[in-house]
Every structure is written in C-alpha cells, then in structure tokens.
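Sharing a structure below in structure tokens format, with a few things to ask.
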C-alpha cells in the first residue's frame, strides 16, 4: 500500500531556472518521509493526524536516529512553482535487518490533468542507536507497523550501467 | 483586518540548536506574504483558494517585481520543531506611493495553550516595473484591494536606539 | 575597527528573480558572524586562521548559546550571482550586560569598481547559559576581546516609523 | 584527471542531528559542479581563477541549460560542522551524446588525519537548448575541454537492487 503525502512548495525551492531545484527536491522528500513515518508524542499539543504508521521517533533527543545511507533520484520533468501541493506516493520497498528502503514517486498536483510523474526516488535508512551510535535491528513492532506499506521497488529509467 | 496564514515547518528550518533558525524564519515570512498577497492566474490548474487580496503577481515573468527594501524581525522565544502549523497574522501597516509595509506576528500553533507570540516582523516592499527596473506607483485597484487589510504597525520591544 | 569577511555566494542563494534572496542574505550574515566571532578549539584538526576575536564558542554542545533577539536589514541593491566573494564589513556596535549588537555592511566584491554598498544590517545577540537557558553576563575576558571591534552603529536610510 | 574543489560548510548545512544534512550535501555538490565546470565571462569584474575546464555557461540567461536527470549519493559517515573546507574530488565519468556524468568523492578536510571518505555521488546532466528546451549535442569544443577530466566511475558500495 502506498501513502499519499502532499508536498507544498516554497518560493525558496525554486532556483534561478524558475523550477524546483534538484537539491531542494531531496529536502522535500525528507519532509514526506517525516510526515509519513515519524511518530509524534501521544497527547501532545501537536495533534496533527498521523498519515502513516509513524512508529519511528526521529526527532532530536530520540533513542533512535534514522541515518540516510544511500539515495537515488531521477528527475523526469522540471517542476514550476505552484501553490497546489504536489502529490507524492511513498512506500517501503524493503525491510532489512537494521535498515529499510523508502521509495517515492512525485506527481503533479492532485486533480491536475494530465497526471504527470515528475520524480522518482529511493532512500536507504539505517536505524542507529543514539546512545551507542551503532546500527540496531528493526523491532517486531516496527516491522508489523511498516509491513502494510511494503510495495514493489521503483524502477529507474535513466540508470546508467 | 489581519489575515491568518498557517506556517508549516520543515525539518530543514531547524538548526543544530534544535530550533527554527533565525534566517529560516525570514524565509517562512516570505511564504506567508506570497500566500496572503500574491495573485495566481485565474482558471489555472493551480486552483487553490485565495486567502487574501492577492492582487500582486510576483511570480517570475510578471510585469511587476516586489523587491524587499527593508526588514526587521524580533525573536521572542525559540520555536521547536512541530507538525502543527504556526499561526501567523499578517497585515498591511502602510500603503505608500510605490511601496508598502507588511507586518507579521507569529504565534504558537492554533489551539495550543497558552497562545504565545514567538516572532514580530516588518517588511517594506517596493513595487518595481520589470521592464524598466524602476519603482512604479501602487495602482488604485491595488490600493482598494489592500485597504481592508490595513492595521496598526507592530511594536518592536527590543529595538535599540 | 571593522573586520572584513568574504561572503562566498552559492547558487542556492539565488532565487527565481536571479538575485540573492532576501532571506538567504540573513543566512549569509550568520556565516559572517560565525567566521568573525566564534572560537574554535585550539589545536583542533580544523586549523583555520581566526579572522576575528573569536572568543565565543557558539557550536552545539557549547556552554553558551548566542541567541538572536532582533535583526534589521536594509537591501540597497539586488546582488547577482558571482564567484568573487562579496566584501562584508562587520563590527560590534554595542556591548551590553548580557547582549551585544553586531552590525554589517555588505559591499560588492573586493576590487570591483565602483565599490557599491548593497546591504546594511544589525543583529542583537543575547548570551544564554546552555544549562539554565537564562541570559548570562558578558565576561571581562569577552569584553576585552571584543572591545577593539567596537565602532559606530550602522545608519539605516529607509527606516519607517 | 580529478579536480580538487574545496567545500566550505555553512551553519545552515547542519541539521538538528548536528551533522551535514543529507539534502544539503546535494546542494554542496551542485556548488562543486559549478565551481569546476561552469564558465564565467572573460574579462568580467568577477575575475576568479578557473579551477576547471569551465566551458559550460550554466548561468541564468545562458543559451544552454544543464538539467539534472539523475543523481545517486552514498553517505558513508556523518560530517560535523567545521571551518576547514572538505576536500572534494570531482571528475567526468562519461561523455555521452547530449549528456554527461559527473562523479564526486568528498573527503575530510585537506590535511586532516586520517583522510576519510565521507560521501560518494554521481550526477547525470543533460544539456538543453534554452530556446527550444530540447536536448542538444555536446560540441567538439566541449568534448575536448572535458576529455582530460574523464576518469573511472565511482563504485557505490550499498547499492540495493
């Protein structure tokens, strides 16, 4: 199952070519990941609805850090500035021992015709124990929470090799 | 009348002190200004509701640029990361010949108790003709559109002098 | 006495108007402040020459945080992208009990003719004890180190009141 | 032959984990690419020395845009804040018809012991005619200028497939 997370652009994401900057897109996908998969404290003043399984507490001070080990991103068409949020699909493509792969496809804003795929991406995250700074295994609770969002890996078209 | 515009934080707004970075806040206020006062083409695919008067077309390629001449910002308390959008009040504090002052007060997220003021700010914008690169006068239509959002200037507490 | 600190632009500082973004400039001045006034551990692998008095350790984990209380910035002319670093003058305009004012004037790159002033700015910093999160007084050692860099405050031309 | 380009960190590159943010690194590599391979107008006021072949004019208004089609990046170890620039090796791993691959390896600052590899990355750039917005072939002059910087592709260790 894939989650849909809206990506709201900022003016500062746009570079002098008048399109979303290539590095800014990676920051946007970081936001998607946080919105989809990070837990927030129950009963906090910050009572936003959880869009996803949100079992991972990745905030500063958390016991587990999620470090990025590898990322791949494919830019299929330039994205202009717009207020309507882009429609990002995000899912888990692999659940390993201490790491997982999060994959993304970013589409034109919901409702825009035709629906166009603009970006494909993949991130490998490693769970690291904040105290020991060593990788730690994915727990059974995490595995159960993420399992419904497992889906087939994205296929990169332009990969050279 | 003051507009309320939500400010959604990003992880990248947070610096190594675990608070919203001082320069990032100015970028956030830029987003507020755009959301409140920039026009979007009628009938565009980007059919977001207009929150404010939105008479100014500040996008690349527009006939008028709105350049920032002066900004002042007061940081009253550090802002931690949260998913719930901050509640920003924004209004026009002065309508001059070719320039206007936009003022802001950023509060804790809507519904959070107590409601705390975190930031005060003021921006002076100059309308510049894109072709001549010279300041141009505010039109009567613009003046009429902005007039309802005129309100008293923000008062800075820590101003030295 | 004023320090001269070079400001190297990045492509990401440039927005869709093809000039240095107004909020990005505040980030650049943050870099100037760090380069001018932050201490680095003696004998560290990071053996960069100190440009200024550098008595303040503002890094994460330091005993004192320097929080920004107030900033003011005046944009006199748009700054295009260029590789040659801008020439920034920076100095201390006021040494208070627990706070100080750092002022800046950003000029066109060194050697460029004519030398043009592009930006004026002022930041008020409060020294905060990291453990108690309360303001703490400037020490005599800090005062002595900063004293040579005391100079007259910047004069803002466009200040509205 | 590989070029060495220094990467100067900014405070804003550091996130709440106190390390260089994963998306920020992609922005840093963009700077490396610009510094290594972008041309500047001869005799401009901006008389910086050219570090690389610099035959490509990628600035706004240029006849050719260099769009990013694909990027891959591997993060081997977290990078803390430091003033000493990171030492980045950058080279051309492939010269195609209308596209080229730029590869990077980012090391600890020059002179630091031991010299550690922190990041590997690869970008595929497509040359696009600004007027027609269509890909255009690499010219013979460009090919000749880039040829000396051709070197073997980076090898990613963690690539999942």
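Note that the chains are named A, B, C and D in the order they appear, and that numbering of residues resets to 1 at the start of each chain.
Heads up, the rule we're going with is that contacts are C-beta pairs under 8 Å (C-beta built on N, C-alpha and C of every residue); 3 or more make two chains touch, one makes a residue touch a chain.
Predicted model only: the values in this text are computed from it and were never measured.
> Report which interface contains more C-beta contacts, comparing A-B against A-D.
Looking at A-B and A-D side by side, A-D shows more C-beta contacts.
> Relative to chain B, which chain's C-alpha centre is the most remote?
With centres defined by C-alpha atoms, farthest from chain B sits D.
> How many angstrom lie between the CA centroids of chain A and chain D, rounded to a whole number?
Each chain's C-alpha centroid was found; their separation is 24 Å.
> Per the centroid of Cα atoms for each chain, what is the distance between chain B and chain D, given in Å?
Their C-alpha centroids are separated by 35 Å.
> State, to the nearest whole Å, the distance from the C-alpha centre of chain A to the C-alpha centre of chain B.
Their C-alpha centroids are separated by 29 Å.
> For chain D, which residues are shared contacts with two or more other chains?
Touching at least two other chains: 11-12, 14, 16, 18, 21, 23-24, 27, 30, 59-60, 81.
> Looking at the complex, which residues from chain C come into contact with chain B?
So the residues of chain C touching chain B come out as 16-17, 21-24, 26-27, 29-30, 59-60, 65, 67-75, 78, 94, 101, 124, 153, 156, 158-160.
> Could you please specify the touching residues of chain A with respect to chain C in the complex?
11-12, 14-16, 18, 21, 23-24, 81
> Would you mind writing out the residues of chain A in touch with chain B in their complex?
So the residues of chain A touching chain B come out as 8, 10-12, 14, 18, 27, 30-31, 34-35, 40, 45-48, 59-61, 81-84, 109, 111-113.
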